[in-house]
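One chain, chain A, appears in both complexes that follow, with chain B as partner in the first and chain C in the second.
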Partner chain A sequence: MVLLMLSKEEVLKIAQLARLELSPEEVVFFQNRLGRVLDYMKELNGVKLEAAATVRHVPEDAEPFREDVVEEAFDREAIMRNAPALDEGGFSLPAILESE
Partner chain B sequence: MSSLHSLDIQSLLAGYQKNDFSVQEVAKSCLEAISKKNPQLNALLEVSKDRVLARAAELDQKKSDAQRLKLFGVPIAIKDNILVKDWQCTAGSKILQGYRSPYTATTVARLEAEGAVVLGKANCDEFAMGSSNESSAFGPCRNPWDLERVPGGSSGGSAAAVAGSLCPAALGSDTGGSIRQPASLCGLVGIKPSYGRVSRFGAIAYASSLDQVGPLGKTVWDSARVLEVISGWDRFDATTSKAPVPSYSDALKESTLKGLKFGFCKSWLEGVDPAVQKAFENSMQLLKQAGAEIVEIDLPYTKYSLSVYYLIAPSEASSNLARYDGVHYGFRAPEFKDSETLYNRSRGQGFGKEVKLRIMLGTYALSAGYYDAFYLKATQVRKMIQQDFSNAFKKCDAVLTPTSPSTAFKLGEKSDDPLKMYLSDVFTLPVNLAGLPAVSIPCGLDDLRLPIGLQIIGRPFDELRLLQMARVHESLFGVLKHP
Partner chain C sequence: MTDLNNKYEAVIGLEVHAQLLTKSKMFCSCANQFGAAINANICPVCTGQPGALPAVNRQAIELGVRAAMALNCQIRNESIFARKNYFYPDLPKGYQISQYEKPFCEKGSLTVRLKSGEQKQFGITRIHFEEDAGKNVHASHGTVVNLNRAGVPLIEIVSEPDMRTSHEAGQYLRALHSILQFGDICDGNMEQGNFRCDANISVRKRGDSKFGTKVELKNINSFRFVEKAIEYEIERQIDLVEKGEPIRQQTRTWNSSKNITELMREKESAHDYRYFPDPDLAPLVISEAWIKSIRSQMPEMPSQVLARFQKDYALSEYDAGVLTATKELASFYEQTAAQSKNPKASANWVANELLGRLNAAGKEIANSPVKAQQLGDLVTRIDQGEISGKIAKTVFEEMFLTGRNPAEIIKEKGLVQISDTGAIEVAIDKVIAANPSQVADYKAGKVKLLGFFVGQVMKETQGQANPGMVNELVKKKLD
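And now, the complex of A and B:
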């Protein structure tokens, strides 16, 4: 696989997937930086693997299961206080579906 | 007693036992040091005098607890990506400006249960992404050893607060070297625990398979004491281990190197500053004199650590940072016409450049058509790096490396090229990828009198022996006199 310098369109595509609005200057900036880093990572293409395996990083004795018990949760008000805008005690954002 | 703020934990605890001073006196001394030095250092982003003094007064009321509690009256700075109820938590980002923690992280709750005083929130690279503290949205932090230079990162504020004697210890977080590299650049003892040793509950996630919270202190004993308090299973973090937590600080009395083998990798020293190389070789001599054996080892896949790390960590970050959307927390862009623009604009304006770069790197590595070549390949090479270490540990009990290839660099010196900056973590990254514990301890000063760090990497959950090794080195090398 040959890595090419990313085009502006590709940078904008990635930014859109990542939900990031970029200024025209930033597009050029990230085009260079992403290109520089991805180019370095080309070294991985040639790595010979003895056996394809992926990583298990959770300790052997960690127990991901527990009883499902209803408990006191966080203070709702303390959590909502951090929202930039509230509407009747809920998070506020513009309408997602247009009304008729 | 104007110098109480520069005492280490062990001396503070001894002083409380003998009734030499009160917690309020210590707290006031730290607050004075902060008002004097923090404007220059920018190590602490939030200090609440009222809360600190109230807590100190509360502890002075329970003087008898000084015997029982492991960190009675010890002021500790907390990296600003770890939650403390009612304190701000910005992770060094504009997108979380004004955020107040609704709960306390397990690590901090455990510190407080043992009598510690939360002193302030420490500056850091934005979302812990950086090696110089320059990516903080709230201005860079400076190295107390030389104010023109960086303290390292991302736990730069934590390191500068301790090295600048604003407090005796701090909590940091380490995803690729973010505790050890600043510890090295500031002449401190910094511990990156085994993955699963310390709870991540309440620590703002950067890369969840790599992140660990850990201590920075002036001595091995101090860092060991903080580590034993924060370690152990936590019902709120399913990746924590149930392995019992030994009393690391008490076990230091039995430190010995007799019969132990240290491995080192010759090829790792290529490209390292001559002063760092000299200090490293001197440390190997010290350890040999103390009865250890030094053996050469080979870690063939670790040379790919930088590429592997900068695919895996950004991939996890791109997912973890999706929650900052301008709706739930902190910053929201002032102008938008629909929810799509609200997200894109809030994130575009709220995140700094390094964070955006890493989110995009991760998004790219996980996107259709590139997943196999980038993300999957990186996880496979990560496995090989883990195997490198397990093979090495058949021949030795611990691995020695310099912590960082150079001493503290100047502000702005490495910010034009991301790879130059990334390379300052070349010795620390493999440790996170393999989930191992490691400690950075001071091992010298260069010609400019800037600290040099030695990294000792241990077997999984072998922190006890790792710290005993560090203690022997410290007893031979000594403790640095901080500026």
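And now, the complex of A and C:
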């Protein structure tokens, strides 16, 4: 199998989109690792699927809808406890600066 | 700019986000409610807790399908929810559930009336479902996130780039707003951000088929501001082209105190949202049977109400148009007419007196101090001869200022019309005695003086005499 390699720039772009900081060693590691994922996708693309019907991940007759009713779903305090900091009931963050 | 406006044309496309009028959110049972205490309406689903699963709100789908029908769209029986991935503090999951490749409907149209009287049809590219994000409140010491709005159901309505002027864009928005309101799809409250508009604008030389570089205008919260912002933007762009400067792809916003558009951000690179089908959600199946049932419960659309007002109440197209500008106004008028049993007079009172007065006071029909039943009652009192039309205006003014019932005001101020023959005759005798020369002239053939005598009698009775009766009795006395 020919091993695909991602360029350093491609790995850094993906890391930026995922807001991950990678060390130079990790960049090399992911050039290889993500290449292997793409290789596997290539292999999957070779599978002949024309004859098979669309496979759903839920049964056809599953009722996927919820009625429009308001319910107390959860203890709100439990969710608020996950916040690193609160400010009068809001999740408190450092000021947001726009950046790409 | 006229010459330049002949040389160039603008290409405008609009994207409208409309919050759906559901009780609960799109994918969880939290209340869809504006103005609740901060983070009062949150749960594991809308705050993106690991393992929480979304469940589609049936009513949200029905409201979206209503919009699709009202906008003549082709509905897909099976569409897909997709994840739009980006990072922002108001988006707890790190993705927004939206629809991408296969929206639930496409290829619609909206026909609007322009001020020239001409009707013009604009294409609707697509409508898709998505969830709203939360709100970041920026404070001096940092940012506070309120997730009450996170997960509120939205439809995004994307138009074709079919509009050429700010007026066309404004009329498209007004018509769309009205359809969503009449359909009980969205309440249309623009101050609360329940109906939001973004506009894409570019200019090109007339006759060119290629589009120019587009600028996106965001976060404009009134129709008038959208029109002004587009006008400004068209001139700004033509000016740049004339100077030979490039138009940069930017996102701009309207500054309503300076009357200019301002730069929000430059588009450095295309956003990379990495859309993919949401594996937590089954394909959205909208069957023909469901579509049929939604169609059968479709509320009356503005164009239908307009036609009905003309037909049932014998209103002019103009009056019917004024009274169907918003759903609240149409319903206010219908209640007034039902109360008064005089649709024509009710139309005049609502369209002229009430709207004029509201306008002057900077109020909306929803907060009118005069209620429909009260106004209907006033019209009835004129029709029954209790007060004259002129006195009614005084009563109306008092109603508007105090919110009190007409009966109370008429009684308290002693404004009841004098329809008592005896009392009117007393006043007439007085006027005749005081004006002997006019009486002589009248008898000599100057019948035009009748108006003078009627006027004097009305003055004598402080405008409270029944004018019809005065007319008749004066003639009888003098002839």
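By our rule, the second predicted complex is superposed on the first by the 83 of 100 C-alpha atoms of A that agree within 3 Å, B and C clash if a C-alpha of one lies under 4 Å from a C-alpha of the other, contacts with A are read in each partner's own complex, and residues count from 1 in each chain.
The rule is simple: contacts are C-beta pairs under 8 Å (C-beta built on N, C-alpha and C of every residue); 3 or more make two chains touch, one makes a residue touch a chain.
This structure is a prediction, so every number in the text was calculated from the model and none was measured.
Of the two partner chains placed by superposition, chain B and chain C are both touched by A:17. Look at A:70: by the touch rule set out above, it reaches chain C but stays clear of chain B.
Legend: residue contacts after superposition of the two complexes on their common chain; A:30 is shown touching chain B, with no touch to chain C.
Within the superposed three-chain model, A:94 lies in touch with chain B and with chain C [touch as defined at top].
When the two complexes are superposed, the chain touching more residues of chain A, out of chain B and chain C, is B. Contacts of A:38 after superposition on the shared chain: chain B is touched, whereas chain C is not.
When the two structures are aligned on the shared chain, A:81 is found in touch with chain B, with no touch to chain C. Overlap of the chain B and chain C interfaces on chain A comprises residues 17, 19, 57-58, 62, 64, 66, 74, 79, 82, 91-96. Every residue of chain B that touches chain A in the complex is listed here, in rising order: 98-100, 102-103, 195-196, 209, 235, 238-243, 301, 304, 306-308, 310-311, 318, 322, 325-332, 336-339, 341-345, 347-349, 351, 353, 356-357, 359-361, 363-364, 367, 373-374, 376-384, 386-387, 417-419, 435. If you check the complex, the residues on chain A that touch chain C are 13, 17, 19, 56-58, 62, 64-71, 73-74, 76, 79-80, 82, 87-96, 98, 100. Considering their complex, residues 22-24, 27-31, 37-40, 42-45, 47, 49, 55-61, 85, 87-89, 136-139, 142-147, 265, 268-269, 272, 274, 279, 281-285 of chain C touch chain A.
Those residues of chain A whose C-beta lies close enough to touch chain B in the complex are 1, 11, 14-23, 26, 29-30, 33-34, 36-38, 40-41, 43-45, 47, 49-50, 52-55, 57-59, 61-64, 66, 74-75, 78-79, 81-85, 91-96.
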